[in-house]
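Please read the structure below before turning to the comments.
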């Protein structure tokens, strides 16, 4: 059981979702975030004052998958999110010790069916 | 030391909080998320165009607990969040290698007092 | 490869960012959260009804770093976030099994350059 | 559902045509003593009163939750539209047509009604926006849990029948006017009727989920957009300069000029006093100057001065408004105690202060300003005061009974309240299939 | 870019001075039969029409995405400013100056124009806000993807040249007025012109990214602030009480008083009917009462009644508005089918209903109310109807052709549309370097 | 705190009563040459000026942060309420009562004041809303860090004493009017007073935390709701059609009709020019057309034309407004350089342009339009120009000194500024115990 965390461009969210669905992965959680990475920000001028905005809007996906789904998930995310331009983001795979479906209480792999 | 991540229905947040307090767990972090899982979404029609909304509003809890608190925490979350209907959500337990209280710098279990 | 999760006071975000930059750490993701911990909340009265607000606005940082960057990162966060007053927050270090830069597909440490 | 309504609507439109052609014919023909100055005064003030609609809409939307915003806005738009059409076809006739001292029975679709110093169309317009105001008051108190269709049906009955009858009693030359009951711009007739109807609706509905804990302790359900609510209050205040001064229904000549000027200053001072006193009251009672209570205070002052504005001095206006500000804060707290859940404070503002304002005529009213008898403090004794109390109480009772029946029937036939799930998810998605703030991240934990 | 514009602007200001000193001189001298009552009526209604600007701004901003809010607001502010100045220097002369039956050719900067029952300044003000309205209609349909400078240039050409010419044909004593074409307050002249220009702009632009899937299926791009949009609609309705009744351009005397009162009631009833019918239509077609469609319905009713408001009965007004409400819902669906992406429904509201309203004059218009001939249903046969159709079609064609050229040129020279990246990130950051809601967490996934 | 205030308030209300009964008595009795047309004109325009209150409220709230929205709204509501009551009890007497050429000393509570062509109540109402405007200007510049009670006390002193005295000098027949100083609708008297008071307040307060980095570099603190701010600007523009044309205080007769029409067109053109020039200026200086600067530009044009609107030609109005638009952008930048933190630009808009507008009377003013002497460009030489400069400078100095004392005292006794913690968390929670946008996820990292 793993937890995949991916940061992608907001406008790519739908493509990523699509790609994941095609890979038979339907369960995920999405958060609005701001992030800084290689991509440099943009500068706003407000009432004559200039400022460099270096935290850009991104979307964070969290996907808990059984070990055999890790590779397909990664592929799907890359397929959906990659533009080749700076700012595409990164993904992390974290170990999960236990998973539980609240409604049923069932645990372990099936939880993520 | 573990990090429990749970996704629950927004309207159940208060019950979960209550249940956690009763289990002597007072520290937590809560995030607004949208998620997709077993629960199917609803369809909006806006100006004659219909669309299936399949990312539903959920709440994400993050609770760092000492190992002996994991079971009570899980029980509390299930107690507070379960409605028995689809959409109740899931929880994950992740290993934490180190924990640190910023104010005091103290680490390890006590950090989560 | 580790993932550092830190919860800090919103108004300290800039200081933390500054401290991290000085430590040559430029990549991070930031989320708006509400949290409860040692710090007690405040009470609102709205139209004559009083209520205790115990989920306070905090900011959550997520930083994926190579193992040799963990210590500098922790130091930087503490340097930037500590006020010595209750509510300064906590940080967790989680193990990361794999990291991947979506744009290039390159994985492992370099991913976090 | 809508099928039936559409059908009836079609009929209604045809009628509209039938009715009004003759009506117009008569008009264009003769309209002797029409006064242009009076006409533009009444039309412009009618426009200002119309503008109170967005005022109510913004206050009600702002003081409720984001997930129900579209729904409350839709109610505010559609109830005015329905009221306009019904008041044209039926209401105006019941209110001002020839009839008995209880109800008017002619002039439907304005046919056969004569012009006065104003073209009949102008008189209708001014009365129509008043009717719309009475209707809109209800939506706020019943916000966040009422079925859209049920609400529309209830307001249709209220604006088509109940309000016109109450109006007829005083402004249509009915029994209250014969008694010398004085309600200049409608503290009782417009605001009271709306407010008491709102009370009945709220009782039939019950409180919103989560408003009162299992232990009965009240919980905060904060409004989602105080900026909009504040804007709404200012718009209402602005519109009230149409509501009260316009009710003089004339502007030409020294007396009318003096009257509308006095009414204007009284209206403004009462509102100001209401807001200030409400602020200090809530500050004293709960430790902080709650802005939403200050808003209610200004509105309370405005509602209170609506009946007496033409027959009291500015000093009295300050007092009447100030007491209104006190009443509204205590009223909100009282309703909360007895678990009547009125999200926007419509009942204390319109019902309680409508009554207070009407009664205050009997206290500070002045014969020299055109009242039948002097008020209590001007040595007129209790006569006018008695009439005022009788009048406002009878109107309140009639509104309570009629709307009780209306809401009872609607509840029985259509159901008044949305399901628990709809209420939790929000009426916007369930009833309208849309969200008010699609781009914003909203908390739905409440 | 702005350098060149600044330069021309400087020139323009000086001209402004030159032009108007003589102009004023003449004025102050003689202004015989000026009527004060008419003057304040026209000025106050002009103020109400001005207030329609924020109405449009709130509707257009509310029905589009948060990331483009500053941009659409800036367009609404600046197009009115540019229109005001150009209409003063050039437009008014082209529209009302001495000339031939196609165009006016004197009175630039108002120099040499005479006062009527109104001071020339008052006449200008009333016409200027109408011109501003025509301009502002476009921005909504072209929202979320149009370059700021290109938009300003296009509106400058439209308000400075195209609109005044069309206006001259009817209100300036041109060929259409000679034919007996009747467009009381501008269903065709103001709303039609704006609406058809909007259509051309939208076609030249193409739909927003993501509005239509690869499969051609339409996708929802929901507005970001329905509360603001609702406020905007109410403001527009309020402003329309200036737009239509003010167009009588007089208030003194029984006939004028009757007229403005009739116009007022017709305007209100048509709007109400439009909203109600639109609600039931969308309810029937798509299962839920979409609030944004109800809003469009009210506006449709208002646009439709703008031409006939003075010459039809209130019953007819209800029908005209009701049909308008139907047209707007069908229109929105139709445009969606043919992939014309009009985020706010400006084209169905202003173009389609502008045409419908103008034609309806030929159906329900009444000679007794001042129309040249009776309409079809009043036994006048097809004569007036024919003229109406001819007039509205010719104006539409002229607007389509001219604005087609304008947008074509602008596209060729400056480019009409922002880059894909700008559109995705939002025009606020790219074009104005700022965000509308800095403190709020916004979804940018759409 | 509030205990004491409540007490004094109680007294005040009783006084209100005492004062005005006689006052009214006199009135109702005789009011010879009252003119109805003038009365409705002044009342309606007074309503429009009142409506500027929400205009200011929306601009100030929109251009500051969400965490302080309730607080700024509360200040805008309450300062008007307090101003209304004090201006009734004290202010109007000091401004227009019999007295010396420095101050009026009778007519408190309006007792003993006579009607003119307007009922005394109408005159009061018109002046009261002007007083409210002057008060409200301050809150914007002092936003996001000023204690609520301290603010209320300061505005009470300003509206009760300082403003009426300055007003008396010119409009109350004081020494400046004797000198021939001309400030038609109050560029100096209303906007200057408010603007200079704002400057003092801002200086006494110091900048917001985080506005200037340790290195002294300015940081962006963006407004939280540009849509609301834009709405506010449009509302202000709309209200200005009451502010300037209403200041003619009459509408009957050809001359008045001409005057109010000329004032209207001048007001509109100056605002338009101000916005356009501000846009190009900021565009040239900082690379992008900052919408908030365009807004300030429109307001700058309006403030600038307020003094000369009745005595200059439309061409001159365009120039005056255009220069105003330039001044406001430079002014904002200048204040930023010297670290005077004015979140909404109130000082450049009202103080700088108030002065500019007053001076411009001496440049483009025309004797033929009723000015004492021709302005510089009309061959009148420097006389009027000199008087204008003297007048506006003396008023500015007086305002600066008085408000300096007021803010100094308030700071010493009550403290002007909230604590660092309150400021960081936001004034809404600390001062009012509530949030403006409970349902929205807000960034509090700034």
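Each chain gets a letter, A, B, C, D, E and F, in the order it is written, and its residues are counted from 1.
The definition used in the following text is that a contact is a pair of C-beta atoms (placed from the backbone, for glycine too) under 8 Å apart; a residue touches a chain by one contact, two chains touch by 3 or more.
Note that the structure is a prediction, hence the values are computed from the model and not measured.
Chains touching both chain E and chain F: A, D. When the interfaces A-E and B-E are ranked by C-beta pairs in contact, the top one is B-E.
One finds 33 Å separating the Cα centroids of chain D and chain E.
One finds 52 Å separating the Cα centroids of chain A and chain F.
Remark: chain A and chain B have CA centroids separated by 18 Å (rounded to whole angstrom). For chain F, residues that reach two or more other chains under the stated contact definition are 37, 40, 44, 222, 225, 231, 286-288, 290, 292, 433-435, 437, 440-443.
In chain A, the residues that touch at least two other chains are 31-32, 44-46, 94-95. The chain pairs satisfying the stated touch condition come to A-B, A-C, A-E, A-F, B-C, B-D, B-E, C-D, C-F, D-E, D-F, E-F. Contacts from chain A toward chain B in the complex involve residues 1, 3, 17, 26-32, 62, 64, 94-103, 105, 111-113. Residue ranges of chain E in contact with chain B, taken from their complex: 218-220, 222, 282, 285-288, 290, 292-293, 329, 332-333, 336, 345. Within the complex formed with chain C, the chain A residues making contact are 2, 5-8, 31-38, 55, 58, 60, 74, 77-78, 81-95.
Of all residues in chain C, only 44-51 touch chain D in the complex they form. Those residues of chain B lying in contact with chain D across their complex are 10-11, 13-14, 32, 42-46, 57, 59.
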